[in-house]
Amino acid sequence: MNEPGALVASAILIIPASAAVVLALLPDDRATARLNALGTLLTFLASTALFVVRPEPGPFLIVDDVNVVFIVLTAFVGFTTSVFSASYIAHELDKGRLTPVYLRFYHGMYQMLMFAMNLALLANNVGLMWVAVELATLTTVLMVGIYRTPEALEAAWKYFILGSVGIALALFGTILVYLAARSVVGEGLDAMAWNVLVQRAGAFDPALLNLAFVFLLLGYGTKVGLAPLHAWLPDAHAEGPTPISAVLSGLLLNVALFAVLRFKMVMSANARALAPGPLMVTLGLISVLFAAFMLYRRHDIKRMFAYSSIEHMGIITFAFGMGGPLANFAGLLHMTFHSLTKSAIFFSVGHIAQVKGTQRMADIRGLTVSHPVLGWGLVLGVIAIVGLPPMGIFMSEFLIITSTFARQPLLAIALALGLLVALGALLQRLNGLAFGDPYGKDAPAQASFVPMFAHLALVLAAGIYLPPALVSWFQHVASLLR
Amino acid sequence: MALIQDALVQLAQMLLVLLLAPLLTGYVRKVKAHLLRRRGPPLVQPYRDLLRLLRKEVVLAENASWVFRVAPYVIFATSLVAAGLVPTFATGLVISSAADLIAIVALLGSARFALALAGLDIGTSFGGIGSSREMMIASLAEPAMLMIVFTLSLLAGSTQLSSVAAFMQSPEVGLRVSLAMCLVALIMVALAENARIPVDNPATHLELTMVHEAMILEYSGRHLAVIEAAASLKLLLYLSLVVCVFVPWGVATAGQGFAAYAIGLVGYIVKLAVAGFLLAVLETVTAKMRVFRVSDFLGAALMLGLLAALLLFVSRSV
Amino acid sequence: MGRLVFDVAHLFAGGLVLVSFMLLYQDRMFGLLNTFALHALVVSLSVAWQAYVQSAPHLYITAVIALVVKAIIIPVALHRIIVRLGIHRTIEAVVGIGQTMLAGIGLVALSILVMLPITAQAGTLAREDLAFSLSVILLGLLMMISRRNAVSQVIGFMSIENGLILAATAAKGMPLVVEISVAFSILVALIVIGIFLFRIRERFDTVDVHALERFRGERA
């Protein structure tokens, strides 16, 4: 059981890393996109093998119940995004917005990002996870600025500075966690390993853990995009290429939240430490309400959906902050569904922006008439993201609100208010975008619609029927998270 | 008998201080001149200046009040007492129990108060400029000085100069970054209080650049002599303070006999000479700051004092 | 020996906090770079001393990296960039220097008050290094907030990193310190390159290299 598992885990890391090197060096641009998709496909296939075989937890890598589905999800969304990216980038090349040199750079960075995210999820060592998250930040920063317009450079710079400050705070929190663990576990790699930390956390010094968690929540919370630490997020989503927006919203925010969750598990294992719940609930609720109101005044379509990402990350943080089996279960579901839905939306938005030649919502009208497939795809995506039934997000939001209402009715009301406000804003915008008379440019879409509809189909299917195996797995993880 | 002997030694210290002060001023001027490749005035010139001024007639403005006439003596008296309190060749003399750092700061503060009032008394604008600038400097220099005193007394366990000097000589001191910061801060405060470059030019004749000189612009005759003597005493006081706290080796303790006193005296004069030389070098290589930058300069001294105290607090509670 | 060890560590750590204040005080670009080089030098000395005291030879590597990369390469590179791109040489502050320094003192006091009780069971050396490293981190954050200039913000960030290196070495026996410091240095190096590229766009209308080449071709 050990050997094949270790092989699979290393494959998940080696494939993207080597693909990054290959793609950076390969000169031919047509093949590059296909190779990119191939690389991510192989990673995805390798990750599904993790359901069958698992390596023993080592000092550096671990595959346990908590991170398995996230690894598979990351690999899946990475694969579908690379398929989308192939058609999107081909269009950008034709328009001249990107040159072939940048193309190699882009694909190399894409694979490097996959590598970094997989490493962060697989890492058993707190420090290694930090390095991986930092590497992921770096690669996305470089890709956000790839168009080299003043706005893109500005967005990349802001992301860089804010992300780096967050990373620095997170490192300090990591050092404090090590200090807390060292007095109980002893020096060395064991004091930084997740499985050891969760096991022995009950004996750690609570004051140190409290301070560490504050720093970690602030640091990794910046990368999750929780208000008021979110300032980098809308610009980065709006100015970077759309595949990167999809990966940022769909995957990187999840990975950062995953890091926070791991630390929450460590904190919860210590009875005398500060309850991490109320902090997370507060930040989550603030994010939801803030983002919901900000949705009304956006003019740029990608920026609007970026605020929607902030809102959903707030909902998930709120759910995990509330704690308890039901809320944790709902939070896990929401992480998965949001990842799939938001990336699907960005797939459609990316092509919409390309055919219309603009990201301003005032210039985009009547999509269902001019580009029916894209238009109805967007409609379906927005219906999914606002949480209307029968899409999966409805179920997770419903579960969160009911489980909160049972314990803290006022908070549930506040959350529901935020959700309704966001629903109103998005549907109002959707009305303008999708329906009415067509306006603006009318280029035919040379897009691949498969990734978008694949994601939406998954979310729809899960909303109607969730396989019992998946349910029991999520419930098991929910119980681990306390 | 012993009491009379101690009293004589104390008196000797005060006389020493009084006599050495103009010599120090003359020495610093001479060194500065030599650094500028001039010959400069003779070493004893300040004595001659004082005697000359004493013989001259006092010219008073019509609207000068009693404050104007009394202030020079107040300034001189407080400066002399303060300078006499700082150990020179021996610590632990008769009135050394009153040689409290805070008392010295208070005495100097009274002197400054009297001087500022005198500057304002006649009602000329230059006197007003001098007084307001002096008060601005004081508002930053005094807190800085107090922070330095606080740090030193935290270390030594007492504000008495004798105890501080004794502590600095003992092996418990160790390498301390707080002490280095205190030294730098004290030097900065000393430069500001004594109206030395880079804060104020003592040799300037341009009224708009004056701080200390502006306040005493209207004085003449014996009043001016007394004030000049007080200024020299203040310089001697600060240099003695720096030397006593940070270079305390060779200082005798009370009752050790004349041999020890003599060694202490020689050591003191040598240290003073070195300090004076360094002061002259510093004044020569630095330019005078613009007045509004003095607050930054003294603010830095205050920060150094605060930081020194904070760092000390850390190492004590660890 | 114990006393001397502690005193030297205290000297370096306290000196680092002092140099952080000096960084806050600077209002000229070159003075800032020189002060930062001093900051990196003090950090590398501090790490080297910790390596000696803890008998952890791998920390010497961290010290050397801090010295070479941050005390030499980056200040020189930034110096060249500033000269070549003609970046404005004075640094405007959002609030006055006096208030910034007072806020800095407040932050130092806060971090000492917070860190000392928490780390009660760690060694004396580690405790005070951690308190001072949090002070340096907070002072670096203050510097980033209170300056309008991109270069000084980057230097503030690098001083945060120096504080983190001090904290990581103070946590005795922490594995991966060298790897983490290397990763951080790469991040920092890329930021510096980023300034270079970011500033280029202020000189030319577009950063597209092909446009520039075309322009040169027409002239010839």
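First chain written, first letter: the chains are A, B and C, and each begins at residue 1.
We take it that a contact is a pair of C-beta atoms (placed from the backbone, for glycine too) under 8 Å apart; a residue touches a chain by one contact, two chains touch by 3 or more.
Computed from a predicted model, the values in this text were never measured in an experiment.
The touch graph of these protein chains is an open line. With centres taken as mean C-alpha coordinates, the chain found closest to the middle of all protein C-alpha atoms is C. Per-pair counts of C-beta contacts peak for the chains A-C. A separation of 39 Å divides the Cα centre of subunit B from that of subunit C.
The distance from the centre of subunit A to the centre of subunit C, with each centre set as the mean of the Cα atoms, comes to 31 Å. With centres set at the average Cα position, the gap from subunit A to subunit B is 67 Å. Touching subunit B in their complex are the following residues of subunit C: 3-4, 6-8, 10-11, 14-15, 17-18, 21, 25, 97-98, 101, 104-105, 108-109, 112, 116, 124, 127-128, 131-132.
Every residue of subunit C that touches subunit A in the complex is listed here, in rising order: 114, 117-119, 121-122, 126, 130, 134, 137, 141, 144, 150, 153, 157, 160-161, 164, 167-168, 171-176, 179-180, 183-184, 186-187, 190-191, 194, 197-198, 201, 206-208, 210. The touching residues of subunit B, counted against subunit C in their complex, run 174-178, 181, 295-296, 299-300, 303-304, 306-307, 310-311, 313-315, 317-318. Interface residues of subunit A, counted against subunit C in their complex, comprise 99, 125, 127-128, 130-131, 134-135, 138, 142, 148, 150, 153, 156-157, 160-161, 164-165, 167-168, 171-172, 175, 178-179, 182-183, 187-189, 191-192, 205, 207-208, 211.
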